[in-house]
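Heads up, the next two complexes both have chain A, just with different partners, chain B and then chain C.
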Partner chain A sequence: MLTQVLKTLAHSVISLFLLFTFVFFMIRIMPGDPARLLGGAGASDYDVQTLRESLGLDRSVMEQFLIFVRNVAQGDFGRSIQTGQPVGAEILTALAWSFSLVTAAMLLAIAFAVPAGVVAAVKRNRLPDISLTSIAVASTSLPAFWLALILIEVFSVNLRLLPSGGTGDLRNYILPTVVLAATQVGLITRMTRASVVEVLTADYVRTARAKGVHPYRILLRHVLVNAAAPTVTVVGLQTGLVLAGSIVTETIFNWPGVGRLLIRAVQARDYPMIQALILVFGVAMVTFNLLADLLNMLIDPRLRKK
Partner chain B sequence: MTNILEVKGLTTSFLRSGNWTPVVHGIDFQVKRGETLAVVGESGSGKSVTALSVMRLLPPRTSRVEGSIKLGGDELLDRSEAEMRGIRGNRVAMIFQEPMTSLNPLMPVGEQIREAIMLHRNVSLAEAKALALDMLDKVRIPSAAKRYGEIPHQFSGGMRQRVMIAMALACKPELIIADEPTTALDVTIQAQILELLRDLREEEDMSVLFITHDMGVVAEIADRVMVMQNGSLVEEAEVRQLFRAPAASYTRTLLEAVPVVGSMAGKDAPEAFKASTFKVPPSPRPAHDAPLLDVKGLTIRFDVRSGLFERVSARVHAVENVSFSIGRGETLALVGESGSGKSTIGRTLVGLANCLRGEIRVAGEKEGSLCRTIEERRQRVQMIFQDPYASLDPRLRIGRALTEPLRIRGVSERDALEQAAELMRLVRLSPDMLKRFPHEFSGGQRQRICIARALSVKPALLIADEAVSALDVSIKAQIIDLMLELQQELDLSYLFISHDMAVVERLSHRVAVMYLGEIVEMGSRRNVFENPQHPYTRRLLQAVPVPDPERRMRRSLTVDEIHSPIRTKDFIPPVRRMITVSPGHVVQQWEMA
Partner chain C sequence: MAFSRQRLSALLLATALLAAPAAFAQEAKTFRAVISLPIQTLDPQKSIAGLAGDALRTVFQTLTFVQSDGSVAPMLAQSWEIDPNSEGLQWIVKLKPDVVFHDGEPFNAAAVAANWKRLLDPKVPIQARSNINMITEVEAIDDLTVRFTTNRPFSGFPMAIGHAVSSIVSPKSIAAGLLDDPNASPAGTGPYRIARFTLPDELEVEKFDNYWGKTGNAEKLVFISRPDEQARMAAFLAGEADANFYVGAESRGRVEGSQDLRTEAIASIREFIVHLPMKVDALQDIRVRRALNHAIDRDQIVKSVFGGVAEPALSAIQPGVAGYEKLPIYTYDVDKAAALLKEAGWTKNANGVLEKDGKPFPTLVFMSGRGRVPNDARLAQVTAAYLNQIGIPTTLQIDEFATFYPAAMAPDGRGTRFVHMSWGFGQMDGAAFLCTVYGEGRPQNFGGYENPKVGEACGKIDNTFDAAERARLIAEATKMVYEDAPAIFLVVPSLLAGFNSTVKNLKLDAGENHLLWEVELGAN
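Right after this comes the complex of A and B.
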């Protein structure tokens, strides 16, 4: 089992390096000059050139790349072009905000989607299935920005029950959590439904019925564990994706997370910040997938190789 | 004797596109205390549906069970679902066909038995565990205490079936329903399980409803037999009576179609089931003719890799230094159990697997190939597979499937279609069917189509990998006859890979017995079957159930497993010596145990 984890990690390091290299060169192809953006409209060519040199952007791209790789290897991601602060600290703060929001959203999504998927599978092709699956897919199909604006309109503007944005107390979590969860509900419901449907027709479920096991117990002891793997995998994958991809939600709700940080960094052509963020997103993807794999191995001993 | 189970006018219907279609038509039968009633019939005869009707395990929404089913005097059809739960696993228990899939893969086997006990007996957890452990002992699972906590994955097929039996017996039910419990097992393992069931029946005074398609198994285990066809009861009789003097013509047809080991004693040539229609000559060619296929020293190994750097940690010695030849128009049978390497040889001959060492030479090739498949050989050697359902592309019309091998060899569309029509006639199907899809054909017809497809490139050698194993007895007989006829017409050679000794005896000229990747005995069919030398050959022959209740015999009860050909990385296979028993009959020298 340990070798499997090590192997996955080794693969991850390679893919992260490729991802990072790709991003490094792509953002430098992107039109726009960070030095000119930082200097502002009134800066002279000379000022811009001085800025460029101080940022190390006058060197060749290859040289910049090698310097950057060396620094990253030493744990130094550089300083933000916008603020001059080390990007690491800024990202960590934002990551904490994003992570707490994503965790809440995924838990909410699972709390709805897994029971919904199970019920839909048991009552397949009947009313509970059709209604639950429809709700799940519909909520995922709503664009996040639209849902967010509607919720703000109803709960913040009209009812004045919940704050429309920012990070005051726990009430601030409610609306962004609901919006993010809604985007995930459809996929998790469908996944759970599909695997439970498959397990329900398995021979060992028939064996359990032939033993006289109660249907609820069959569901709990024989079906759910065996149907868990695909859902666990999808949740792992989606957690990574949502962490990196909640830009719209964070922007609308003025949430100080990594999504908003990325948008600002791109607008300012803040190369070190963009590079570091991409790397963080990559690490997040890898970590959550690995966690999902580990959880699956815990559930199913057959996945553990000797 | 009292009746444990009394079934009267049982009619089971399924809801199919809005209509209730009966699949079991008002059958009556009884199982007496301590008796084994075998239900025989081919696929679609309604035997499994009958079993599931008794258990009331059919989906209530789409099925309807009418009539009367009395278990120990209690009417089961009047019971609510909750009451049935108290009966299932308690008063009537079931053993299913597929041991590989019938146990929960994530629950320790001991727990699965314990669950059954705790559902129906008012015992503590510790007591239930002890009882479950007793059951594992009772079904003769070695070191049961140690294996209690293992998951099914760590058990072989035969051991899993023992666990299933332990689970069914756990609450000492009045009736056990066994649905093809040995069909998925190797023949030596089947013999062990049948033996176990017979022992347990005596020890526990069980009444058994035993469902099977195999007349040999019926003869071994049944007291009485009921024969089913298309959902109706054809005949019911005491087992000896049924085999001696079957009353119904369907029973007679069924019994005639059963290949019996030993029925070919004294005959040299293969024999068709419809022996009157044509004769097969004993030896197709004089022995001094050059063989069609010559295999020398074939060795096939697969690496087992593990660890961080995927280093080779062990090797599967699938085929080890195997040599044989096949003459023109001759059938060589390769027999053996799972893991013996017989299928791997077939796959290698058509280039689906690579070999490590050895020489394969097909007559007419300029030079033999050292473990390489040359394109020319693909045309001369073709293969048919076991599962006719899975071997045809479901989205490809039969016409396309049959012409594909021709089209990729540059035959024009029109010529290919003409040849396809000819091929259909060759396998006794109508060329009008070329426009149909595979799902419109029965299993037997599909296997005919697979044979036609293999024949499309006019091969000299056909490799049949368990080609009739999945078919019902009567269909099996028809396909065997077809293969024998085609052999005559087209001067074909067959490499017939099978675990079914009775079928092998019917149609082969020569037989090679494989065990753990090696040929342990090879010779003319008559010599191998009538004068088996190697202990494994003898064991294999002895394990085959004989469809004759008069010749029922007790075998010594062993819990041998089929050994695995996985060896350590540095394993050096021992040098084997072959002893000649008589001309053409060789046996591997073995160590006396």
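Right after this comes the complex of A and C.
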């Protein structure tokens, strides 16, 4: 198991380096000059050149790359072109906000989707299955911005029960958590339902039933454990994706997470920030995949022996 | 009896709890505003003007203050005058006495000189340095007198030292590096001092007891950044903010329909124009350029694109600045446009495209940015459609602003395409707009307009130190450019702010230097 983990880690390091190299050169091919944007509309050529020099953008791209690799190896991601602050510190703060929101959203999604998927599978093709699957699909199909605006209109503007955005206290978590969870419920429900249906038709489940084992015991001891692996994998993958991709939710609720940070960085061509964020997203994806694999190994002894 | 006492206690407690927030709100007098820009820094010298700069103006002040009508008022300076023996190169500025920074340091000539040492240091990246880069030396003559030296006669000096980039910070804060630390509280001389800052979302400032001037009654001002328009409106409608800078045209009805809310508008310092491609033969004919200006229905654009929250552009420069005058020359008149084109030899062919001597009008690229200013892309589409209507074929190319702007700025292709741009100059000086946007060889002159008279006029303006005469010269040169039509002058968007009924006495400013420190909060 340890060898497998080390192998995965080694592959991940190579993937991350390739990803980061690719992104470094791609963002420099993108049209747009950060110094020109930072200088504003009235800046003279001299001002722009001075800014370019102060940001190190007057050096060759290869030189910039080597400097960046050296600095990253020392844990220095540079300073944001927009704010002048160390990129690492800004990302860590944003990451903490995103992580707390995503954790809350995924827990909420799991709390609804897993039981819903199991019930839908057990009562498949009957009313509970049709209703729960429909709710799950509907919640995923609703565009996040639309759902967010409706929730804000009802709970913030009309009822004045919850804040419309920002990060004041725990109440600020409620609306963005619901919106983010809604986007995940459909996939997790469907995945859980499909896995449970598959296991329910397996020979060992039929045998257990034939032996007269109580249906709840069959469900808990045989079905859920064996059906967990695909759901765990999906949750792991989705957590990584949501962490990097909750741009709409973070923008509408003014949540100071990494998604919002990325969109602002791209608009301002904030190279150091974009590079570091992409690297962080890559690390997040790898970490959540790895965690999902480890969890699957813990759940399924067959995977440990492979 | 015991039961009644319990009930009474519970009732009192409940009343106290319910009344507490209201009582607190009344006592603390906090003014909350949602603003459309992120607050990227606490360094006023690095903050690009606009709303974030406006929030910082409650903390950091400038030597002068340019008012909404373009006139210059004293702020930290008591007076300023050109040294008559300096050939127009030196200004003597007398400072206001008895002013202190929030950290207790005295405001004096040495403090001004220390700030300018930083501002003139090329190693410090100051984005808006072009507004002050004609100043080369600043020295303290005595405790309250400063001498500024410029590299050329520059009559716009009083406005330049009123630009946000020229904000004065406590030398102690500069020396301690507080301007670069988002967790620190750098000190200014303003009516409020920094209480709390969450980069880039929230800035809270609290009243400074030793402030030298007058303020409103708000003890605290809180600026909450909500760049998304709908999110900003939701916070305003939900009662989380007393003011909304700014309300979109679509939301105007909703605000005005509420009994407790109102909107106020002011024409901004921004003007949308289309730089005409002056290297294209057809557009070297002034009749064609004027025809294009007559072919645009500005009133309809104001109504349909801006929902009424804009004004037709009636000058070659922004309103509200020194030298601005309304010149309603280019009325919407399709017949006149067609007549001018005919006079120039252009008539429509069977395909509806203009033709001269059997040759069709060349199809030109119409470039525009998207997303920097509300409605920019929509305006570009509508304007291109008007051009197509009179027979000028265009290929519309709308890009994200970060892509558009460097492309428009690039010397290759300059003067060969229509470039749609909204210009606004924070120093509130008409000469800045005129000489930057229409000045020969300037990077912002996207149409490649070459008129030596503009350069001459700009030189003359820089050498004229009498404010009234200077304004007259700007107006005269602006009229010359307007009549020469190197651009299609489109519209001036308005700034539409929303307020709840507690907000009194908040004066809006065309240059977004709203007088936030004068706000009075009353009862609902």
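To be clear about the criterion, the second predicted complex is superposed on the first by the 304 of 306 C-alpha atoms of A that agree within 3 Å, B and C clash if a C-alpha of one lies under 4 Å from a C-alpha of the other, contacts with A are read in each partner's own complex, and residues count from 1 in each chain.
One rule holds for everything that comes next: a contact is a pair of C-beta atoms (placed from the backbone, for glycine too) under 8 Å apart; a residue touches a chain by one contact, two chains touch by 3 or more.
Note that the structure is a prediction, hence the values are computed from the model and not measured.
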Inset, instruction - Overlay done on chain A, so just call it for chain B and chain C: clash or fit. - result: fit
Inset, instruction - State whether A:70 touches chain B only (first), chain C only (second), both chains, or neither. - result: neither
Legend entry - For chain A as apex, the angle formed with chain B and chain C - C-alpha centres, to the nearest 10 degrees: 160
Legend entry - Per-residue contact with chain A, leading partner among chain C and chain B: C
Inset, instruction - With the two complexes superposed on chain A, say which partner A:202 touches: chain B (first), chain C (second), both, or neither. - result: first
Inset, instruction - Tell me which partner A:300 touches in the superposition: chain B (first), chain C (second), both or neither. - result: first
Inset, instruction - Once the structures are superposed on A, label A:11 by its partner contacts, choosing first (chain B), second (chain C), both or neither. - result: neither
Inset, instruction - May I ask you to decide whether A:210 touches chain B, chain C, both, or neither, giving the answer as first, second, both or neither? - result: first
Inset, instruction - Look across chain B and chain C in the superposition and give the shortest C-alpha distance you find, in Å. - result: 45
Inset, instruction - Would you mind writing out the residues of chain A in touch with chain B in their complex? - result: 3, 6-7, 10, 202-204, 206-214, 221-222, 225-226, 299-302, 305-306
Legend entry - Residues of chain C that touch chain A when the two form their complex: 38, 40-41, 43, 46, 48, 122-123, 125, 127-131, 133, 180, 182, 198-202, 224-228, 230-231, 234-235, 237-240, 371, 399-403, 405-407, 409, 423-426, 432, 436, 443-444
Legend entry - Touching residues on chain B, where the partner in the complex is chain A: 55, 57, 84-90, 93-94, 96, 98, 101-107, 115-116, 119-120, 151, 153, 164, 167, 306-308
Inset, instruction - Could you pull out which chain A residues touch chain C in their complex? - result: 30-33, 36-47, 50-51, 54-55, 82-85, 90, 149, 152-153, 156-157, 160, 163-167, 251-254, 256, 264, 266-269
